[in-house]
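Each structure below appears as structure tokens.
Here chain A shows up in two complexes: once beside chain B, once beside chain C.
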Partner chain A sequence: MLALLFTIGTERFGLDASEIVEVAPYVELLHGSQPHDFVAGEFSYRGTPTPIIDLGLLTGQSACPPLLSTRIILVRRASPKYPDRIIGLLAEKVTETVTITPAQLHTTDQQIDEAAFKTPLTLDGYGTVQLLHLDRLLPTVVLDLVLG
Partner chain B sequence: MTVTPSTLTPPEICWRSIGIWGDASCPKLAEEIHCHNCPVYIQSGRHQLEQTASDEYRRQWAEIMARPKETQPTDTVSLAIFRLGNHVLALRTSVFKRILEPRPIHPIPHRNTNVVLGLVALQGELQLAFSLPELLRLKSEPLVAGRKRILPRMALIEKQGERWVFPVDEMLGLHLLTSDSAMAVPSDENDPSTTYLTTMFELDGRIVNRIDDELLFAGLKRSLQ
Partner chain C sequence: MFDLNLRNKIIILGVLAALVPTVTGSLLVYWKEQRVNAQMQKAIDNYSYQLIDRAADDAYSTVEISNSMIQKYVDHSLSMGQSLLKYGGEVHFTNPNVTWNAINQFNLKSTTVSLPRFMVGNTWLQPNPDFKIKTPIIDEVTDITTATCTIFQRINEAGDMLRVATSVPNKDGSRAISTYIPAVNPDGKPNPVIASVLGGETFRGRAFVVNNWYMTAYAPLRNSKGEIIGMFYVGIRRDAAPAMRKILAETQVGKTGAIYILYATSSGASEARDLRGECVISKDAKYDGQNLINEQDVDGKYYIQDILQHAVKLRPNESGEMHVMLRNPANGEVTHQILQYQYFKPWDWVIIAQAPQSDFDEARENTHRELRSLLYLSIGGGVIGLAIAIWLALFISAHIARPIAQVTVIAGRIAEGNLLEAGQLAGAETCSLTKKRIDDGNSSVTERFSKTRDETGRLFCAVRTMIDNLYSLISQVKSASIQLISTATQISATSKQQESTVQNFGTSTSEIAAAVKEISATSQELLKTMDDVTIVANQTGSQAAAAHTSIGGMEEAMRKLAQSTGTISSKLSIINDKANNIGSVITTITKVADQTNLLSLNAAIEAEKAGEYGLGFSVVAREIRRLADQTAVATLDIEQMIREMQTSVSTGVMEMDKFSEEVRRGVDTASQLGQQFGRIIDQVQALTPRFEAVHEGMQAQSQGAQQINDAMLQLTDAARQSAVSIREFNLAAEQLHRAVQGLKEEITKFKVA
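Up next is the complex of A and B:
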């Protein structure tokens, strides 16, 4: 599995590249009536207004700083109300990809919390990387709130 | 939004002192060969991204991201373009194995036809040489003034284990042809060359005829019988 690496707060995260539509720079955002604090704003992604969730704020940490390495990860999400939408996830240090082998996916000696939005993996040269589960990070209620 | 300054400090610029752009005394070079491969250099490059993105940069990217994505056409075929007299022809690049300097063609006693020219010794192997103008039955026209036979070459082509060599007057390069820029060549009973030339396209103001590689190899096989 190819994973995109990025940072939220102090933790290193990985996201399965097959979940990603595109990675965009941290563009200038439009600030309308934000449905929640963790929505950084929205931008026109290929002509479609697309909300941006600041993963720093969503996970209760500080907002992502406007650095060149801070980027918008565009992912496709669906809820019963909004069957096919693209939303942007703002994360820090989006500069690397890594290939995670099936063996690495299954050698975690820590207790796996089936409900947690992240699973810790140990990758050579990277230390601990949290594998992000989008469906648990962004449940339907959150999607409906952001897209509504 | 608050701007948090980068917590990373740029490392020493070692590549200019002990690296490839310095005196190359770095002990890591023995293993890494070049600074480009070294994690220290790669990490330093990433530090360049720990700068604040200017408002201008973010505005420009907002405009770029708002536009429809520019995509490369996917239905393309790579063609090698070459010249025979005044004719500019194209053949699928993947059938070309080598482009060589011209070398002598040795006639085969009692077996020579107009199409089969003879044998050419290439790296210890004998290859059959053929005349592409004869096979295609191209009308030979006097060369346009100013056009000289400047860089004659021999092309080695192969498909499914069958190898042939043919002389060309000049190799002109490669071209990526998209399916929408190719036009069908009208078949003309009076022009036998249209058997092999299936499509044509315009390149730099010239009409290029594409030779169908399947038909070409089938035609070559027939020429031996």
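Up next is the complex of A and C:
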């Protein structure tokens, strides 16, 4: 599987490409009435107002700096309340993709915590990359909060 | 209209007041003088004519008196003679006859007559021509009366009278007997004397006896029968009256004029002598007996003839006047003579009073002189008056103007802020310094001004009060002045020290004199040293010139360096600009790489979504991303390099700036150095000829120069002492200066107040 690599705080993360709609450049965000601190703002994605979640703030770390490599990762999410909505995720150093083989995916010896939103993987040439689980990072509660 | 001060105006007023009457008086005197002179001329002329006329009158009177007196004397003599004759006895003729050679006294013709003896009583009057032999009666009469006396004997019926006895002298000194008076004169007229006597009358009057005019009386002599047989004569020579002659001859008319008496006619006198114009009496008997009838004036006029002609027509005491111009034969001088003449008919005399007009000029000149002196006196008096007026004007103007001038001066002093002097001038009471000076004259004048109660006095008091009020402010100034006095004392002490230094100078001088010989030797060495010094100076000059040239080159190089540095700086700044441009280009490249990366990411994601169909595309996407990454890395490298380059360039620019600043300073220093070297060269070059001059002077005056040189050492010592003293003096002077400064400030404050 293809994973998009990015950084949150000090850790390197990877996200399954099938979950990604598009990667958009960091643009000036609209600051409306933010439902939560980790919501960086909104931007218009193909005519639809789309909320942006700062992953740094969401994971309890510092906000992402406004750099060229800081980009918005657009993902499709759905909740019972809001089926089929696109949400922007703000992350750093969004410049690379990596192909993760199934062997690599299953070589981890670690106990996978069901509650954990990341799974550490060891990739050649990249070191340790945390595989991000969106459904765990953004549960329905959070989605409703963000989208509402 | 004129800018004159009060005093000058008063003086001018006073001077004019004196000047105008003086000038007027002098002019009047000058004008009057002309008129008075003219009048004086007239008056003096009148006076002179009158004077001369008076002289003529006086002479006339004298002659008249003489005439009457002589006449009386003749009468007296006649009666005396007649008495003597009567006493002698009766006159009569007796025989025998006496033969007479009778001579006519007029024409001197002689005839021989025989006449009886003429007897007086019993005495015969014999013919006696000799005065040594006494003739009776006749000589007695003459002795008693001094008059001449004659007894005539009647010759014939006609009445010719022969002198038979006489005391009248002839020219030869004998008795003039045997002459006779004819009864008829040569002109055919009867002789007046004979006529009177034959008529029984006594004849009185002048008569030409023998050869002179006599005052005479002829009385008839009768015999017992009463017949006139002769006549008795007494006579006195008219001009024999010596007193009259003397008076007339000595009469002075005017200053140098005199009386001249001439015969007017010759009637009745002898034919042999023409008496007309003959001078009878003249001054100093100069012309006595001369005939002046042909005297001429300068024009050749016979003025005496004119006078005689005119004089006989004059009545008694009437005067004729004549002006003649006569040339003095002695010195050829022509004088204006005034002649007044009268005619004394009884004696046929023309009395001429003559005086030169110049005799009366003196009076006119005196008058003229007096008037001149009056003019000078009036001018002199005027000048004195003017001087007095000027003096008075000065005094009065001083009296009026001086207080005002004083107040003006005081006001001027106050205006200048010179209050002390103003106080002194005004005699203000609070000024203690002024009090001390109150004794001098100026202050006493001031006192007088202030005591008078007129406007000036009140003005003075007001000014004085004002100064008193002002003076209270001067106390501060006073304290400053005390400091000044102490400083002055210090100065005086220093000056004493200087005096002693001067004395040291004196001893040094004597030492110099003593050391002359020693100095002489040293002088030679000094000459050599001077030569060395000259050489060294020349070397120094040439070296300094070389250095100057080098400095000039250095300066030029430095200037070029400064220019190059400026160029480099500008180049560096251009590089910096370029680098900045490169930076912007790199940013663009970075953005492109970023976009490419983003594109490749999305492409890869899309390819993944396409599954197997997207495999090839994903390879392309990966490749694209790899290129983008390489680009990004390259740009990063470039960015890094550019940043380093920019840093280097800016550092370089700063270094360059510092460097160029240093270069500029270097250029300045070099140019200063060049100038200093230039001056050194100038001085050294100036030094060389001086050294030569000194060298020559020293050669010429070797010994003297050496003396002086050595004396200089001692003098230097003394000078050092002097310098120390002077330094102290300077310190004192500084203190003094500070004190004066303080004083000045106080005064400035005072002025403001």
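The working rule: the second predicted complex is superposed on the first by the 148 of 148 C-alpha atoms of A that agree within 3 Å, B and C clash if a C-alpha of one lies under 4 Å from a C-alpha of the other, contacts with A are read in each partner's own complex, and residues count from 1 in each chain.
Everything below uses one rule, namely that contacts are C-beta pairs under 8 Å (C-beta built on N, C-alpha and C of every residue); 3 or more make two chains touch, one makes a residue touch a chain.
Just so it is clear, the structure is predicted and the values come from calculations on it, not from any experiment.
Shared-chain residue A:18: touches chain C; no touch with chain B.
Judged by the touch definition given at the top, the superposed model places A:100 against neither chain B nor chain C.
Legend: residue contacts after superposition of the two complexes on their common chain; A:47 is shown touching chain B, with no touch to chain C.
Once the two complexes are laid over each other on the shared chain, residue contacts for A:68 go to chain B and to chain C alike. Of the two partner chains placed around the shared chain by superposition, neither chain B nor chain C is touched by A:86. When the two structures are aligned on the shared chain, A:145 is found in touch with neither chain B nor chain C. In the superposed model, A:28 makes contact with chain B only, not with chain C. The wider contact with chain A, measured as residues touched, comes from B rather than the other of chain B and chain C. Common to the chain B and chain C contact sets on chain A are residues 22, 24-25, 68-69, 95-96.
Residues 1-2, 4, 17-18, 20, 22-25, 68-69, 71, 94-97 of chain A touch chain C in their complex.
Considering their complex, residues 22, 24-29, 43-47, 62-63, 65-70, 93, 95-96 of chain A touch chain B.
Those residues of chain C whose C-beta lies close enough to touch chain A in the complex are 590-591, 594-595, 597-598, 601-602, 604-605, 608-609, 618, 622, 625, 629, 632. Within the complex, the chain B residues that touch chain A are 1-4, 6, 46, 48-53, 55, 57-59, 61-62, 65-69.
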